[in-house]
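Each of the next two complexes has chain A plus one more chain, namely chain B in the first and chain C in the second.
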Partner chain A sequence: MNRRGELILIAFSWCCTLLLTAAVGTLLLFLLRRGLSAFDMALFFGDTAPLDALLLRRPVFDGLFPALFGTVVLVFLAVACAIPVGLAAGIYLAEYAAPAPKRLLNLLFDVLAGIPSIVIGLAGFALAIVLHRTFSGRIGPCLLLSALSLAFLVLPYLIRSTQNTLEAVDPVTRRTALALGASKLQNILYVLLPNRMADLTGGIILAVGRCAEDTAVIMLTGVVASAGIPDSLLRQYEALPFYIYYISSQYSGPDELERGFAAALVLLFLCTALFLLAFLAQRRLKERLFYR
Partner chain B sequence: MAILSRTLERLFFLAAAGSALLTAALFLLLVHLALPLFEQGGLLALLRSPWDPGAGLYGIYPMVVGSLSIAFLALLIGFPLSLGGAFFITTFAPLPLRRPLLNLVRLLTGIPTVVYSFAALFLLVPFMREHLTGGAGLNILSAALMLALLIAPTMIIFFVDAIRRVPSSYTQAAAALGGSPAQRLVYIALPLAWPGILNGLLLALGRAMGDTMISLMIAGNAVAAPESVTDGARTLTAHIALVIAADVSSLEFQSIFACGILLYLFTAILVLTLRLLGRLPERHTG
Partner chain C sequence: MTAAMTETAKIRLADFSFRYGKTEVLRHISADFPENRLTAIIGPSGSGKSTLLSVCNRLWTEMPEAKVHGKAAIRLAGEWHDLCDRQAPSQQLRRKVGMVFQTPNPLPMSIFRNVAFPLKLAGVGDREQIRSRVESSLRRTLLWEEIKERLDVDARRLSGGQQQRLCIARSLVLEPEVLLLDEPTSALDRTAAAGIEELLMRLKSDCTLVLVSHYLEQVERLADQIFEMSGGILCSLETG
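And now, the complex of A and B:
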C-alpha cells in the first residue's frame, strides 16, 4: 500500500468517527435543548402536591408520575421473575449440562435472544387470547402479562451472562473447594457465584435497563396512554417509553410536545444511569474481591 | 441436606429445560394462531400477494419488501461507517482517546430506541421534508439512516473485538519488518479478523430486521410496496404493532401471526448461519 492509500484510509477512519459522533451528538443536544426547559416538579406531578402523589394519596393527571411508577413496578416484576430462572438455567448450562443437550440449549437460547421484541410481545398477546378462550374469564392484556413477557425477553441475556461468568472462573479457584471435600453444589453456591458477584450484578443491571427501555413488548401486552396508578396486577398501566411514543403521534399542542421531550430525556437519563451503574459495579466489586 | 441439594439441582435443570421449551412453544403458538390464514393458501401465497383488506387480500409482500429494504439500506450506510470507527479506535486514534471512545460506544448501545426515534421524528424528518426528499419526510431513507446510527455501536464493538483478537505476535512481526500501522491493519489484521467482522455484520442485520420503534415512527407505514428510498414503507414489525388493535377473529388480525412466524424463522436461520460460521477453522490460533 502506497503512502496515498494509507492517507486515504486514515482520513476515512477520522471522517467515519467524526460523522457518527456528530450525528449522535446533534440528536442528543437537540433533545437536551428542547427537553430541559420543561423540567420542573410540575412535569412529574402536574398540579398534585408531590408528597401526596408519592404516597399514592391523590392521583396525578398531568404529569409523568404514573408512567414512571408503571415503569418501575414493571421492571421490578419482570426482573424478579427472570433472575431466579435465568440464574438457575445459566448454572445448569455451565456446570451440569452434558455436551449434546448443552449444544441444543445454547442454540435455542441464541434464537430466543435474537427474536425481535415485538414477536415476544405478540406471543404474550397470543397467550392472553388463548387464556381468554380457555377460561372465558377476564384475563386480558395487563401489568402481569407485560412483566412476564418482559421477563421472557431478558431471560436469554441473564442465562448467557450467568453461564459465561461461571465458565470464566479460573481452574484453580474452581478446584480448591472441591479438593477440600465440598460437594459440587456447595462449590457453586459458596465459591463460584460469590467469586463472580461483580459480573453477575453487572448482567442484572443491564437486564434492568433493557426492561426499562423496551416499548414493543409492552405496547402489545397492556400499556395504555392513561390509566393512572394500577391497583392490581391484572390492570392496564402507563409506562415511560410508551408515553414517549404516544406523545410523538398524538400530541395536541406545544405544551404536550415539550413534556414528550422531557419524558424522552428522563428515560435517556435513567438508562444512562443504569448503564454507568453496571459499569461501576463491575469495576468496584472486582477491586473489592481482588483485595479480600 | 442431600435432599435439598438434589432438589436444587433438579430445579436448575427444570429452569433450563422450561426456558428452552417455552422458546419452542412460542413458535407453535404463532403457527396455531395463524392456521386459519394458511388454509387460505399457505405462507408462500401470503408472501406474494399485496395488502388490501378492502379486496380481501391480506398478503404481507409489501411488509417483507419494506423490512428488507430498510434493514439492508441501514447496513449499507452503517457498515462502512462502523468499519471506519473500528479502524479509528483500534489503530488511528491517539492512544489516550481509544479507551474512552470504546466506552462511549458501549454507552451508546444502551440508548433507548424510542428516544432515538423521538429525536429523529422532530429533527431528521423535518430536515428530509424541507431539504432532501420532500413529501412527509417519513420514508425508507430516514428510517435507514436512524437504524444505521442505532446498529453502528453494536457493529463497532464486534469489529474492534475481532481486530484486537489477532495475535500481537503477527502484527509485531509485521511492525519489525517496517510495516506502518495502516499496512498492519490492511494486510495482517483484516484478513485474519474477517470471520469476526462478518459475525458482527450478521448480528447487526438481525437487530435491524427486529427493530420496531424506528420503522414504526419514521418509515411512514405505507401499505403499498415501496419503489424508491423516498417512499414510505411498513415493516413486518411495525405491521404487528399497527394491526394489533383490529378485530381478533378477522383474517386481517391473523396476518400478524404470519409476520411473527417470518421474523422467528429469520432469527433461527440467522443463528444457524452464525453457528456454521463459528465452525470455520480458526486461522489465527498461533
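And now, the complex of A and C:
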C-alpha cells in the first residue's frame, strides 16, 4: 500500500475509535444527567430503614434493592452453572476431541450461539410449564429456572473462548511440561490454563455481562415487577434489566422515569463491579498458582 | 530386542523412518548413541535433527500426524523401552529422558517453582526433599551462587544464559539418564554459550547427552561421536 493510502487508513481508524468513544461517553453522560438526581437511599430502599432491608428484616416495597439483589444472585448462579460446563467442553474440544466429532460439535455450538435469547426464554418457559404440571403447581417460573436458562445462553461463548484460548498456546509452551513428564491433564491444569488465565477471564466477563443485561430470557422464566426478596430459588424475583424495561414502557410520571435512568446507572455500576471482581480474582488465582 | 545389542548403547535406532503427514522426515536411520558420552548431530535447519530428538523421549507421539517405521529403543535402568510404541505410557520415560529446547522456556513462575515443577508433576510432596533437590540441581548447573538470594523472582527476569541453565537444572532435577539438547546455545551470546558448553562437559560423566547443533566447531570441542544429518539421512563423521 502506498504512503497516502496508509495515512487515510490511519485517519479512518482514528475516526472510528473516536466515534465509538464519543458514543459511549455521550451515553454515560446522558444517563448520569438524567438519573443521578434520583440517587439516594430512598431509590434503593424506599421508606424502609436501609439496615433493616440489608439484613432482610423488613421487606422493601418501593426501591431497587430487591431488583439489585435478584440480579446479583441471578448472575452468580448462572455463571456458576455455566463455567464448569463451558470450561470442560472447551477443554474437550481443544485438547481431546478427534477431528470428526470436533467439526460436528463446532457446528452445533455455533448454532447454539446463534439462538436468539427470546427462543431460549421460550424453551425455559416450556420447561416451567412441564415442571408446573409434574409437580402439581409447586414449581413454576422461578429464579433457578432463569439462572439455568441464562447459563444455557452464555454457554457457547464460554466454550468457544476456552477452546480458542487453549488452541492459541504456542507449541513450545505446550511441549515444555510434556517433556518434563507431565500427563496431558497435568499439562492442561498446570500450564495451559494458568498461562491463559487473562483470556479465560475475558470470556467469563463477557458471560457475566450477558447474564446481567439479558431481559428476554428472564421475562419468560420468572422475573416479575414486584416480588421482594425471594425466600427460595424456586420463587419469582425482581431484576434490574426488567425493572428498566418495565419503567420505560409504563412510567406514570417524570419521577418514575428518572428512577428508571437511575436503575440503568445502577446496572452499569454493578457490571463494572462484577468485571473488576472477575479481574481481581483472576490475578489472585494466578499468583496463588504460580508464585507461592 | 536381540541379545546381540551392545551393553554400552543407550539409544539404538535400526532402519528407523519417520513421516509427518506426507513428508518423509527421517529415512532409514541406523545408529547407536553410547552411554555416558556426548553424541552430537549437526546439519542444516529442517534436516530432521529436532525430530530425531523428539523420537528419543517419545514426544513425537504428541503429533497426531506422525508415523514411524523400523526400530528405535532406549535403555533405562538396564531395561529396553520401545520408542515407536504410540500407546505406551510416556510420563515415566520422559522423567528419565530430559529435554532442553533451543529457546530457553522457563514457565511463567518463580525460579524455585520452575525447578521444582517436574517434582510436582512426579508427585513428590516432601518439602524438605524438594528444597534439597532443587538446590543440588541448581548447584550442578552452577546457578546456585548467582540466584540463591532471589529464588522467588519470576524466572523470566533472568538473563538468557541463566534461563537456559535454569531449564537444564529443571531437566536435571529428576536425575535423568539421558539429556536431549536441541541447539541449546543458539539463542545465547558467546559468553553464555561458553558457560553452557562447560556445563555439558561436566554433565557427561553421569548422563548420556545427545546434542543437536548448527556449529561444527562447537561440536568438535564437545562431542565423543558426531553424526551429520542431511535430508533425513544420518551418517557418522570421524572425530579427531
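Please note the rule applied: the second predicted complex is superposed on the first by the 233 of 292 C-alpha atoms of A that agree within 3 Å, B and C clash if a C-alpha of one lies under 4 Å from a C-alpha of the other, contacts with A are read in each partner's own complex, and residues count from 1 in each chain.
Note that a contact is a pair of C-beta atoms (placed from the backbone, for glycine too) under 8 Å apart; a residue touches a chain by one contact, two chains touch by 3 or more.
Since this is a predicted model, take the numbers as computed values, not measurements.
Visitor: Pick one for A:Val191: touches chain B only (first), chain C only (second), both, or neither.
Guide: Once the two structures are laid over each other on A, A:Val191 reaches chain C alone.
Visitor: Considering only the touch criterion stated at the top, classify A:Met219 as touching first (chain B), second (chain C), both, or neither.
Guide: Touch partner of A:Met219: chain B, not chain C.
Visitor: Of the two partner chains, chain B (first) and chain C (second), which one does A:Leu178 touch, if any: first, second, both, or neither?
Guide: Touch partner of A:Leu178: chain C, not chain B.
Visitor: Which one hits more chain A residues, chain B or chain C?
Guide: Comparing chain B with chain C, the partner touching more chain A residues is B.
Visitor: For A:Val72, decide between first (touching chain B), second (touching chain C), both and neither.
Guide: Neither partner.
Visitor: One more residue to check, A:Leu277. First (chain B), second (chain C), both or neither?
Guide: A:Leu277: touches no partner chain.
Visitor: Touch test for A:Ala97: chain B only (first), chain C only (second), both, or neither?
Guide: Once the two structures are laid over each other on A, A:Ala97 reaches chain B alone.
Visitor: Find the residues of chain A that appear in the contact set with chain B and again in the contact set with chain C.
Guide: Comparing the two interfaces on chain A, one with chain B and one with chain C, the shared residues are 183, 186.
Visitor: Inside the complex, what are the residues of chain B that reach chain A?
Guide: For this pair, the touching residues of chain B are 5, 8-9, 11-16, 18-20, 22-24, 26, 29-30, 33, 80-85, 87-89, 91-93, 101, 103, 106-108, 110-124, 149, 152, 180, 182-183, 185-187, 206, 209-213, 216-217, 237, 240-241, 244, 248, 256-257, 260, 263-264, 267-268, 270-272, 274-275.
Visitor: Can you tell me which positions in chain A touch chain C when the two form their complex?
Guide: These residues of chain A touch chain C: 172-173, 175-183, 186, 190-191, 194-195, 290-291.
Visitor: In the complex formed with chain B, which residues of chain A make contact?
Guide: Interface residues on chain A, with respect to chain B: 1, 5-6, 9-10, 12-17, 19-20, 23-24, 26-28, 30-31, 34, 84-86, 88-89, 91-93, 95-97, 104-105, 107-112, 114-123, 125-127, 129-130, 152, 155-156, 159, 183, 185-186, 206, 209, 212-213, 215-216, 219-220, 241, 244-245, 248-249, 257, 260-261, 264, 267-268, 271-272, 274-276, 279.
Visitor: Considering the complex alone, what residue numbers of chain C touch chain A?
Guide: Per the stated touch rule, the residues are 57, 59, 62, 91-92, 94-95, 98-99, 101, 103, 105, 107-110, 113, 117-118, 120-122, 152, 154, 170-171, 174.
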